[in-house]
Each structure stands twice: as structure tokens, then as C-alpha cells.
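Multiple structures are listed underneath, in C-alpha cells.
Next come two complexes built around subunit A: one with subunit B, the other with subunit C.
Up next, the complex of A and B:
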């Protein structure tokens, strides 16, 4: 019969709460936007150029991989744009164009797509891109060198480098209010602590990131830096300084919380966050790098599959190995 | 089937529901709009989403009216056994059956059904159900009701034998088999006074309006040898004003999925059902309140009950309580409420979270049809083939702590045995919440059902070849 009425059959459930990936991506970008705009305001057109190039090339790399692997286009989910934005936030404003393109290439292709795309990446893709560049072209990420030609109305030294080389007394000149309000040098998206914290809180309230990771990250960072300071007050700076400088807040709210590379169970999230906070302080205080956020998160990404095995017992589970 | 456009006469003089609807319309249209805006089963992810979503069971509204559907012209009865082409059914086309008459399909099977209508058998045919299950469908041209008096003769005697011999297809689906099977040592009966799915209010209606029948039913259940504990699990608000009912009363939470059997057993008995086991395996039998009420009613009125109470959930999310003769085609019920099914719509038995679909409006009301849901094709949210992004929403929402993010990766790769062994496939109670919250819109719950089915097939094949 040509006009036979046919019903759709499919299994339950027959409803959905309407959430989708692009809303999630859009909200993450929205939350990061104030910090990015502040970076653009502070560093002018070079920063705008880096952000625009980074986001657009990230999307282009993703689309090219889609074409190459003959899979449906996935740029619509916004994840590539988020990765591009996160990468941009970690670049200093004067990063050359070829470094930006290389960075997003590594982030999208090596960091995400070769693992099968969204949800398959074991590491935060943006951090993979940045880490490779940091190891290959160290000078690009020397903030003091990169921002040499800028004139600021606040101390233009990169706080973490100052701390590393000249001890805790040298950073007393940085007022905490200045650090919070973004009057400090750093990468494009990491300076404006207040905007990052508010953006992060927004994402937590909306349920787009997992608060356990951010909170345990910050708690561990504060406790560890406090212990260091108590041990040698002249050598190590206090917790609030570490909280507001470098990539701490960007890492706690936007980088460590990347879905695919972080745990989802409660206790593992706390361990993962706390481990990252601890590693950041260890790298900053006794390691070789001025800021340890990038490598600390990548290191804890590595432990994610293992620690995420700590999980509550499913109801009615029968232990067959007992 | 009645001719479209021609008004159906009400042969039996039962109240038709239409006039009632008209009276209610003014008040209802407001409610309808409210439901479309904040349609409960289409509840959206809230703006502030600090904890997992809370889906609440609907409480029955006071004064909720029961709409009685007239006896259909054609009724369909279902046998759980598959139709055997070579088998010789004990009845044939043209045979007359009476209401309340026992029908046995094949001589060697113990299964019987009780005809709920009087009339002549017009066809016996196979019906293919979900997951390859097959049934035998018996169509009857309905005539004036005549009651078979076999049960009436013995109904003065309250005995389990009578229950076993006459009442296995009561409205509410009394699990006669599980307490008459000597292998099962059932010592506890839980009467479920709340439906497990969202929006369905059938059991709540029974508890709030047919308590005398339930009390009588409990008396009969106590006759089962070995039973030492009967628990009525219901919402606290539906149980006011009743004294001693002969069973312990336990409160059921109002948050989905607390009325699922596994969780009811956990809440009311403090027992945890081992993964993959049936309640009967731990000596518990869960019975719908409607089955207990029907059991009581059978002995109170000396007649096998034939009418099923159904929650009808319309396209706009409004619901109606319906009483229909078992065997009534679903299409007849929809017609009584002027609900039209169009190409591409869905017709669902059960509620929005755990119902099961049917492909034909001729599917009848059966003893376990607690709800009928109609979904418009515009409301159907397609699932996607996107991968899991590991957001963890399913982990937070899962009532039984399954590592859904890992499980679904195994299920996508069809690694079913590993999924069962390491990632708690069999703990799943199939509440559907993981699919409901999935940001990638993966058919997680559907994958789980498929996996259980495939594993059962593998096990069956292995047993056959062993």
C-alpha cells in the first residue's frame, strides 16, 4: 500500500533533556571570552591576530582531517573552536603566525584527531599543541622577551620568572589587586584572574565543567604553596600570588577540566585535581619551568585512565573473583 | 474495524468519555499549554545544573476521572506462546467463546488465557514482538456479553488452586507462575503501589480508589504457602485514611527511578538484588497493585475482572485515566479521545522513560498495559552516532553506579562479555536516565538492551552446542 501509515518504533527512552555538544562548547567559549578580550585590550592587535588565527586554523585543521578521513564534518560541535581558543589563550601576544598554525595543527591533529576525534583524546589537545611548541621553540614562550616592546603602567616583569630568579622579596612589588584585575604580563588569556574565576564559576553553575576538579586543583595549589612558604618564606611566594599568576586559573577552570582527558568519578576527580595542583607547585618551586600548569595537567592526564578506575560499586554487583 | 467517519454506537450503554472532556475543556486547555511549555517528560536541562537532574513522579490529582471505553467490536487476545504452523490449536476460527472462558492454545501447553469478551473467533495468527519474541494473536468478533460460570462455581472457595486455574491473566498481570512454581521459595511479596515509569498513574489510582479490593487480595496472597511478609510500597500521600490493611506499608520516594523493582526491593526490604537476577531468585515477588486489586475483586464479585486501567499520555503530555476491556485494540482507545496517529508518530506501551514501542494500532490492551503514550513525530528526538565525550553526566545520574562512560565504549565496540564482566552491564535497571542526559545523544540505554539480548543469544547458542 503506497500511503500506508507507518509508526516509528525505537527503544526507550523517548525523551531527552535537550543538551548538546555545541551548547557546551559555546558556553565554554563565552566563559573564556572576557579574559581573551582583556588580553586583546592589553596587547592590542597582535593579540587579536593570534586569537583569530588560532581559532580559525583550529577549525580548518579539523575540517581538513574530516575531508581526509572521509568522515562527516565535526566542526559544528564547536570543539575545534574551543581548542583553538584555549591554545590562543596560552600564547604570548607576539607569537609568530607560523607558530600559531603549527600549534593548532599539533593540537587538533596530533592532540585530538589521531585518537579518533572528540572524546577519544587522552590529553588536553590545546596543551599538547602548546607543550610541543614550548619544547621546540622555547623563546616564543619567554614572556619577558616576547613583551619587550610593550609599555605597561604596571611592573612589566613576568611575575613567575621574577619569583624564580630573584626570590620572594622581588615579587612583593606586585599588588594582589593588580594581579587579580589583570594588570600583569603573561600569555593572552591568563592574566585577568577575576574574569577567569567568574567564567569558571559560570561553567560550574551551568554544569559544563566538573567543580570537583577545579576546586581540588586550587585547594591543593594553595595548600602546597603555603607549605613551601612556611618552610622558606624568603624563597617561596605565598598561595595568593601563585593563585593569581601564570596559568593557574586558566588551568583550573578551562584546561584541567577538559572532558575527555579528565576523570568522571568523584574520588578520582579529587585526586586528579589535587595531583595537578601539587605538580604545578612542585614544578614552579623546585622544577625547571617558571610556570608548571601545562606540564602538570598533561602529567595528570596520563594518570586519568588509572585513577578513574576508583569508582563506587555498582548496585547488585556480584564479585566473581572473590 | 469500524468504518471511518461513521459514528460508533454504544451497544453496551457504558459511559462514553466525550461529554466529560467537553466539560473539562476550559480548565484543561490552560493545563495543556503549561504542559507544552514545561512538558514534564520533555523536561529540559535546567540553566543552573549543579547536581544531576531530578525527575519527579507525577502524583495523581484528586478527583481524577476514569474514562470508560466501550467494549470494542473486535477484540484481540494474545498468547505468550509462539504460533505453530503445524500445531493443532484446540479452537478454530468460528468457535464461540464466552467472557471468562479459559482458552488453551495447544493441548501440550499449560498456558491459558481467559477470554475477556464474548463472540466468535475470526482468526488465529502469529504476531512478532520486540526482540524477536513471537506471540499468537486470536481475534474475536465481539457479541453481547455472556459470562462463563466456571469460575463463579468455585469462587466461594478462597484457594490458591483457584487462582492458579482461573486467574493467570488478570488485569495487572498477576505472576501466578512465580508463586506456584515449587522451585521458587518466595517468602516476601511486594505490592507496587506506584508505576515505575514517569507520568504513569495507574497503580496510584488503584491504591487510592480500590483499597478494599487490595485488602481482599492481600488476604488471598497470604494463603500462598511460605509467604511470611507482604509489603505495600506506595507513596505516602496516597495512603491516608486507611487503617490496617494486612500488609506492612512502606513509602516510595517521588524521584525517578525509585519505583523500579530493584530499588523498591532495596528501599522497602533492605535487600539488594544481585545483578542479573530476578526478584524471585531472592525469594521476593513484586506484584502490581492492580493485580492484587483484581485478585480481590475476582473473589469479592465472583467474576473474573476483564477491565484494565490505563494511563493514556497524549501528544501534548496531558494524561487521562482510561478503563478498557482487555483485548481492545489501542486504536479504539485513541479514537475515543480523538487522537490521530500520523505517519511517523510513535505509539508506546508504557511511559516516556522505559516504555516499549508497538508498530500497529491493532495491538490490544493486555494484562500488563499500564500506560499508552502517543508521541508526535515532531517531538521525536533523534539519537546520534557521535562518540561519548566523557562529560560524566550519565555517571552522576545513574541510580545504580554503573561506569556508563566506559560501558558504552565497550558496547559500541560490541565487546559484550567484557562489558558484562568489568563494567556492570547486568546491574543496569534500564531506567533510561543515561540516554536522557547524554550530551552526545547516544542511544546508551538502547545499546544496553541490545547487549543484554545479544549476550542471551550467545549463551543460548553455547548451551545448545554444549
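Up next, the complex of A and C:
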């Protein structure tokens, strides 16, 4: 006999468990911190400058827009700091200061506040900021060019650019262990795959992000890259390479799972995640960009309201009025 | 809405990080080595990423400066970038400014300097041929260096 107590619901007021938005924001920043620290270790103080300036200016932009619109200040909930941190993770270490400030301005003001603030944004704000910069000043995001003066003890070519221009044979110079442990070039927060995966699992276990999105994202990416590799092994790299390079893990656990711009129902979450993983691989293997994570997530953000309409029918019966 | 305590904390964090960021940008810009580590040539046929350190270091190909920076002879300290003398100019264009630091413009009458594109291709081709390195197949020759 089913447990009848499960169906008992009392009237309001309810007991609050103490969690709030700032708890969520703090946990997301905590989960992303190891990957950011690794980027700072790898690229030194220039990377620290980018991260510090990005987080601080994101908070400042949000504070100023709150003042300008005469609304209560929302910087205390930590969401602006999270957007600043995510934006910083997508920047190369040598990003000029004006690009960081412009990026956080676009992310906070254009990506979030003009839609009414947290919860109203249809796109991931950090990705809006980065996408605008990528389209306006694409050289800033040329990882090979940005890191010309860095001397590494691992292959210094950006793996996805090497793959795109020199074919699958160039992938042999990158060891998968190195890629997992962050011994690869990339943006500040995207290189350390192990830290990103552990951070993502922490957020899933704590319930701050939904596993359905991350899981379907990575599953679709693995399946699609495997199909490409089976089709033309000399031209396309395998699933593990794509899993551990570029912004894949950052996107799967920290960017695609942004609340406001992702679905809330089970099936839509799976479609949204799978669509993102599929788009990433199509952009990487057929499109013009070396890494497609930013544009793939933004594209699926666009479809979010539509696919989130796939939901269970409401119980009961509605009388038809002739 | 967040509490006053959280608001103050966010403001303090923004202020501290802004100072840290400004100091990092002002006092610790991205370091530049005496010799370039890698050089990116932006050409009409795509970018070329040249690993300068791999070509010059003892652990790499151990080339001497003079192997590529051939002029002025025997003076490693005054090695100029290739493009300072080899420029893609019209045939009757004046001599490059770098050359005029030591030469008179009259020295260049009837002299045709190798153009930049040809100079790079000759330099890379000859060296790789001697070392028997790089692609031999014609269809792969461009993509070996150029990101197209």
C-alpha cells in the first residue's frame, strides 16, 4: 500500500530551509574556483588581473544599473559576481582591461538587467558578453596569438585550432592525461578538465544544477564526435579529445545549466542539453569556429522557451465552451 | 532581495578585487622574453604559428641566430626581424628604413631585395629540405604551416 503521508500538503506559511540565491552563487563560485586557480597558476598575474577585474566590474555595473533604475541593490545575491567569474573563465589570460570591462558591461546590462534582472534573462549573460566581444574583436580570443609569449612544458598550440587546421594526426601530440590535468592552452578557466568535472558533480549532488542538462550535453557531444570519427578517422578527432578540450566541460556544468536560460522540465532539459552537445560538434567539425560552445549554448538558449512547452498535461478536465 | 550584510560584503569584494585587478594590469603586464617564444605571422594565406624557441633552443633544433638572421653577418645582438628588410613592396619602392640605418639609398640602385613572402618560403623550405623534415607531398605543403 502506498505511503499516504507523501500526499499530505499543509497550508502556508511554510518553513524556510534557509537557502537563498547567495548560497547558490557562493557554491557555484566555490565549484569553479579550482579551475580558476589553475588558470591563475598557469598564466600568472595577468590572469589574476583578468579574473579580479571581471568579477569586480560585473558587481559595479550591476550596482550602477540598480542605482540608475532606482531599484533595490541586487549585488548581495552574488549573481553578478558569478557572471563576472564565468566571463573571466572564458577570457584568455592576456585580455586587455578595456575588453574585460566592456564584456562585463554587456553581460550585466545587455545580457541581464534590461530583461529585469535575475530570472528574466533569456540568454546566459556571461555568454552574451563573450559572444559580442568575439564578434567585435575576434583576435582577442585567438588563444595561439594571446599566449605567444608564454613558455609551457607541454604543446603550446591550442588543441582545437590544431585539429581544425592540421587534421586528426595533430591530436597525437596531446596526451589525454595532460588535457585532463589542465596541461593545455585555452581560456583562463577552461583548461583543467578534472577540476571542472568535480566542480560540476559537486553542484549536481548539492542540487544547484540539473544533471539532465550536463549529462545529455556530454552524451550528445560524445556520440556525435564518435560518429564523425567513424565517418572520417583521418579528419575528425575522437570523443575524449573533444570532451577534454576547449570550453566543453565549462559549458556542460557551468554555462548551459544557467537557471533562467535553460528548461525546467525533464524531457526539455534532455533535448536542450543534447541539442547543445550536437551543435558544439557541428560547429567544431563543420563550422568556422574552432570551439563552438559559446554559440551552441546561446543558440539553444534561444530555443528554450519553445522546447520547455513539452510538459505533462495538467490534471483534471476543462469544459469546452462552445 | 539580499540582506545589508550581503550587500556590504559584495561592495567590499568589488572594491578589493578592483584594486587587485588594476594593480595586476598596471604592474604585472604579460611578460615578454628577450627572444620571442613563438611568433605568429598573419599572411593572406592564413596565420602561421612559428615556434621560435623550438628552433633555437638546445633541446630543439639548436639553430644559431645567423642561420636565419643572416644580415649583418656575425652579429647576433643586432639580429633584425625578417620583415624589417624583406618587405612586400613595389619593385621601384625606396629601400626599407631599417636598411638605411647603415646603408645609403644609393647602395640599393639595381639591387632587388627578396620580397618577404619569398624570403620566408625560401628560408623555411631550404632548411626543412636540408633537415629532411616537413611534408614532401605537394598537396600538404601549404597546410603544414598555414592555418587556412
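We take it that the second predicted complex is superposed on the first by the 304 of 322 C-alpha atoms of A that agree within 3 Å, B and C clash if a C-alpha of one lies under 4 Å from a C-alpha of the other, contacts with A are read in each partner's own complex, and residues count from 1 in each chain.
The rule is simple: a residue touches a chain if its C-beta (ideal position, glycine included) is under 8 Å from a C-beta of that chain, and two chains touch if they have at least 3 such contacts.
Being a predicted model, the structure only gives us computed values, none of them experimental.
Q: Which partner does A:165 reach: the first (subunit B), the second (subunit C), both, or neither?
A: The answer is second: A:165 touches subunit C but not subunit B.
Q: Contacts for A:207 in the overlay, against subunit B (first) and subunit C (second): which applies, first, second, both or neither?
A: A:207 contacts subunit B only, not subunit C.
Q: Would you sort A:21 into first (subunit B), second (subunit C), both or neither based on which partner it touches?
A: Both partners.
Q: Where does A:45 make contact in the superposed view: on subunit B (first), on subunit C (second), on both, or on neither?
A: second
Q: Which holds for A:317: it touches subunit B only (first), subunit C only (second), both, or neither?
A: first
Q: Please work out whether A:233 is in contact with subunit B alone, subunit C alone, both, or neither, and reply first, second, both or neither.
A: neither
Q: Across the two complexes, what residues of subunit A are contacted by subunit B and by subunit C?
A: Shared contact residues on subunit A: 20-21, 77.
Q: Name, in rising order, each residue of subunit A that touches subunit C in their complex.
A: 20-22, 44-46, 48-57, 59-60, 63, 72-78, 80-81, 93-94, 97, 100, 142, 144-145, 148-151, 156-157, 161, 165-166
Q: Please give the residue numbers of subunit A that touch subunit B in the complex, ascending.
A: 5-21, 24, 77, 79, 116-120, 204-208, 210-211, 259-260, 262, 264-265, 311-318, 320
Q: Touching residues of subunit C toward subunit A in the complex: what are they?
A: Residue positions touching the partner: 1-7, 9-11, 13-18, 20-25, 28-33, 36-40, 46-47, 49, 51, 53, 143-144, 147-148.
Q: Which residues of subunit B touch subunit A once you look at their complex with the stated criterion?
A: 41-45, 47-50, 53, 262, 266, 272-277, 341-348, 350, 352-361, 373, 375, 377, 380-381, 383, 386-393, 395, 399-403, 405, 421, 424, 426-427, 430, 432-433, 435-441, 443, 445-446, 449
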